[in-house]
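The same subunit A turns up in both complexes below, where it pairs with subunit B and then with subunit C.
This part shows the complex of A and B:
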């Protein structure tokens, strides 16, 4: 279940540029803190229309918004919002607006920003996890297969890496970069640092696995019949490590995504105006929520759902990895 | 088991000291290198001044030892850190050491209170959940704990902050009220506690679920053991069984978890400090990075690292003091 849900989330953010009706940095300067646009299918005359439509956005008092029932704009699907813009799943013609989750204080469509921001944050998590798992796997296999002083060196190094408080060191890394570095270069640096920093735990897991597998009968037999180390690793060790690395990945991906989110929240990762779930979270702490700004909590809700799904998946994979072993013991 | 306890504990202390030294060396070298890579130096402005000759610039450079190789500057910096001189903060215009000392105090108050609150809450709650593992309320609570466990600390802190702002029950930031200087001692203390409550709650909510889940799992494991089933059959009161026999048998992994929780707490407190503007080390560090205050970043990272290493090293020793079975 959680796999399907997460697949949907990653799919949604991967196709952000198609699914989001607006560019994440496009401002509607006349419509800050707009409330979400309602989509109608029943028109003023009581007729049900095939094509959904939205009403125009009108000011209501100082800061409120209301529907302008005199103007209606039909939704257009798989169309360009304006000449020259990219094709969007749904859009309305100017001056109609469609803000599914309202706008932020700069009048930027929050729904689009959540999608694009998710792309940044979740990609960061995926890439960092892939990096640290591949580094960890390499280190673990090398240490486990070769043994001796190389093994001791890897273990000592991983000991040191496990003891370092990475969030703090990440701050130091950020201090070394120019403050107004281009957002995607900053993201790349953050991903590399998080990924390299996280190699130690998977390395230890894989090393343990290799150590116990090395002396199993079928591997000794394979060696006796002349298999090279490389062949043993490829044919017998690698498939086994997957069973350890998959649950580990399910823990690392959300953890590393959170590192990016935290850093961006501090204003030290991907910085405004580029969206990340971290910069979107800033909206939630910058002012007390009122009725008009209640939708500023939408990114937090999305974050909560995505992290719960990750947790369910991780618990699931963990249970699956542990239970067969427990059965073997009983 | 021929090795005496005292030797084991002594060896553990030695090993922890060596490890702490290694980690500190690596972290300090990394941070120093990073701060060294920051573009610009203290003479950047002088260089633009046409009235200052290049000879004077060179003299200034060699006076500041900027012309020396990296390793030598690192050694010089280490020596000055050893004498308690952490450098000078450009943004705050004061020496770094007293600035950091005050912030570390605030951080320690926060994390200390949070650590105590987390464990005081998590252990009995985990035991309770284990006892109710088969009932509906226990299952619902366990699912709730799992959900909370998944929540990022950032999210918990932000939501709590909004809650505080909406309800007005707790202050939304800072160390104390503005009028705290005129209060009586008791009132000032109460004011402190009120300001501390929200950040502590945020850290507890983000750190406790892990511990609750572990306590519950460990206890459910132990409760199935034949000797406990026998004790229950003999008529030992269930509560005594839970808290005396079962909890003691499950204590070992929990002490190991204590060390881990210190580390989690430190990173959670960094986030909470920034969100709730608690004037601790974490908030200072983030500010320092934003204002590119190199010496402050350097000292702050080292300070945070030392605190965390101290926490884990302490647990390693405590684990061996508590459990005579561990002999490594």
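This part shows the complex of A and C:
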């Protein structure tokens, strides 16, 4: 269930450039804070049309919007967007507009920005998690297998890393970057820092696992029959650690995504005009009181759902992989 | 810097006041009796509550440097010559009249007789002398000291008799009487011993007993409770009366509470505060929605004196990369193209919800005495900008604009990280420039670090800044426009002007400083504005409106676009009878 849900979310953001009707940075300056566009299938004469359509956008008062019932624009599917650049899943002909979640203060399509923003935030989480898990796994296996002073050094280093206040570290790193660094290059640096700083916890997990596994009968037997350390790790240890690392990954991905979101929220991660869920949520605090809309909170809602699904997935993986293994160990 | 600017701005407004008089008479003689304030005759009584952002840091007018302290202090003190915030011209205050010598070097100021401090002690020329001694004392380090320097030397104040002082300037200084605005006259009998002991900067701190503080303003301190409020009560010795002879102020009490703007916006609707000094554009719509039902009024006074502008680094290049960029930045055709591409109306609409005015020159329409109306307002044109760039040797290669050497045009724009309006403005500029193929990156930076880069290390490409003058007089912006000025933002502290037009601005600014005829000064400053609008060392963008709010029933409320926006005439404010009864 959670796998399907997460698959859907990651699929949506991975295909953002196809699914989103607009470029996330395209400003429609005549339509700031537009309300979400309704999609109709029943026309003004009461007939149900096969092809859904939207009405034109008209101003209503100083800051409100209404549907212009005199102008209707049918949705076009798998068609080139009005700008004529790329193929979009759905679009309408100019001057028609389709803003499924309304627009922000520059008239940028919120729906498109949520999709593209998810791509940045979730990718950051995935890469940082992959980095910290591979570092952690390497460190844990080396420490567990070799032991001695190397083990003590790895444990001491992990203590140091666990004690580092990562948010402040990130703020410092971001501040130290040159001011005219490209926003995505800055993001890459941030991802690397998050990933490297996060190696300690998985390393300790893996180390513990290796320590307990390496004295078990079948590994002692394997060694006695001449198996190399490398073979032991590959054939016997790795499969065991994966059972622990996969649920760990499922927990770390949203945590690292949140790190990126936090930085961007404070204006230190991905900067305008590129969207991230963090920069989108900034709107929640910066938008004028009078224009407050719940749609601005959409990224927060999506983020919460992604978090829960990751937790559920972690539990599932834990139940499937770790518990039988633990039973075997007992 | 801010103080210097504020001061020069104050000085600017004085000019206009002098114009007609100079043309006809050798000296400008003021009538002895002050005209009664133009407001309606009111009824005494009642309390007014207003909010400031945070607790005051001091009650000492000599060393105050923050808004909340100033808002409280200025209800308690008086100045010799005052700038009427409404007319933007000078009016006699504690001075009943003043005259100036032909050469503009000597002022004679006559004081009102019979004036008393709020503790009942009489005020005379010795207090004036003492006050200027304190402000000019380098050891005191008053932020106002700079304002009282003319041509690098402090003004000299002499006692002529008990009610007359002479003031000597080192060089002619146009509209010098504007310098005296907001210089509080101090009670010598209370502060002299502390000054002699070298403790004046520490005097009148927030822990001082109210009885030890006295001023010449409409109110006096009753109590201060940290984190809660400041209570000011009516000064029974205040010198002003209304046209009917009723002593001012009308109000019995001022209560100052501490709250950030968003909280003030919520509280005016509940009647907990009566005035909001400045409402940001983003809050105007929310505030406006309930004004009729909740019994308050929001007033948009139009553009103030603040102007926002974009400028490029034109200092000696620090490195090769910057040298390349400065080939573009130094080309006025490039700057004009950038200016042409910027959607100023979009900034006004999207960033300021329409509560701002687009600018093509650096003097805002809010500066009524000085704005040059002849500055052309070139409409935005991306096509025009693209064509101008082509003529300047740039070419379009795919999505990117490249210079004659094939280098893609890309630069970063510094913006103060805490300023949401400027960040949004930068986002619009970024999108406008993208349409020309220019890749602009926004670099939010903490304000102190930003100023350091612009004025000290020169390590930046372009920057977006707001500048707000105190009273609008060109003298207040000498440091911005002189090529040797420390805040000549695009290339500060030049040994000699880098371009012929900067040399011309230098000459014009120096000339206006010593020109005593206001009309001639205006012509000189008009020319400065025209040069700036043509050469665009700074690209003026918008000027945000000054928006204030008041409870209905507060009368004589005449908010102005100059600093002290709302309560500058607090002595005339009164509640209409229904409101006053409910506020007893």
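What to note about this one:
Here is the rule we use: the second predicted complex is superposed on the first by the 303 of 330 C-alpha atoms of A that agree within 3 Å, B and C clash if a C-alpha of one lies under 4 Å from a C-alpha of the other, contacts with A are read in each partner's own complex, and residues count from 1 in each chain.
Here is the rule we go by: a residue touches a chain if its C-beta (ideal position, glycine included) is under 8 Å from a C-beta of that chain, and two chains touch if they have at least 3 such contacts.
This structure is a prediction, so every number in the text was calculated from the model and none was measured.
Legend: residue contacts after superposition of the two complexes on their common chain; A:106 is shown touching subunit C, with no touch to subunit B. In the superposed pair of complexes, A:273 makes contact with subunit C only, with no contact to subunit B. When the two complexes are superposed, the chain touching more residues of subunit A, out of subunit B and subunit C, is B.
Within the superposed three-chain model, A:258 lies in touch with subunit B and out of touch with subunit C [touch as defined at top].
Within the superposed three-chain model, A:32 lies in touch with subunit C and out of touch with subunit B [touch as defined at top].
Within the superposed three-chain model, A:176 lies in touch with subunit B and out of touch with subunit C [touch as defined at top]. Of the two partner chains, neither subunit B nor subunit C is touched by A:47. Of the two partner chains placed around the shared chain by superposition, subunit B is the only one that A:168 touches, whereas subunit C remains out of contact. Note: residues 179, 267, 288-289 of subunit A belong to the subunit B contact set and to the subunit C contact set alike, using the contact criterion stated above. Of all residues in subunit C, those touching subunit A in their complex are 262, 265, 281-283, 285-286, 289, 343, 346, 349-351, 353-354, 411-412, 414, 417, 420, 423-424, 426-428, 430-431, 441-445, 460-461.
Touching subunit A in their complex are the following residues of subunit B: 19-20, 22-23, 26-27, 30-31, 34-35, 37-39, 146-147, 149-152, 154-155, 157-159, 161-162, 165-166, 263, 266-267, 270-271, 274-275, 285-286, 288-290, 292, 294, 297-298, 300-301, 304-305, 308-309, 312. Listed in rising order, the residues of subunit A touching subunit C in the complex are 25, 27, 29, 32, 62-63, 105-107, 179-180, 182-183, 267, 271-273, 286-291.
Partner subunit B is touched in their complex by these residues of subunit A: 156, 159-160, 163-165, 167-169, 171-176, 178-179, 254, 258, 261-262, 265-268, 278, 281, 284-285, 288-289, 297, 300, 303-304, 307-308, 310-312, 315.
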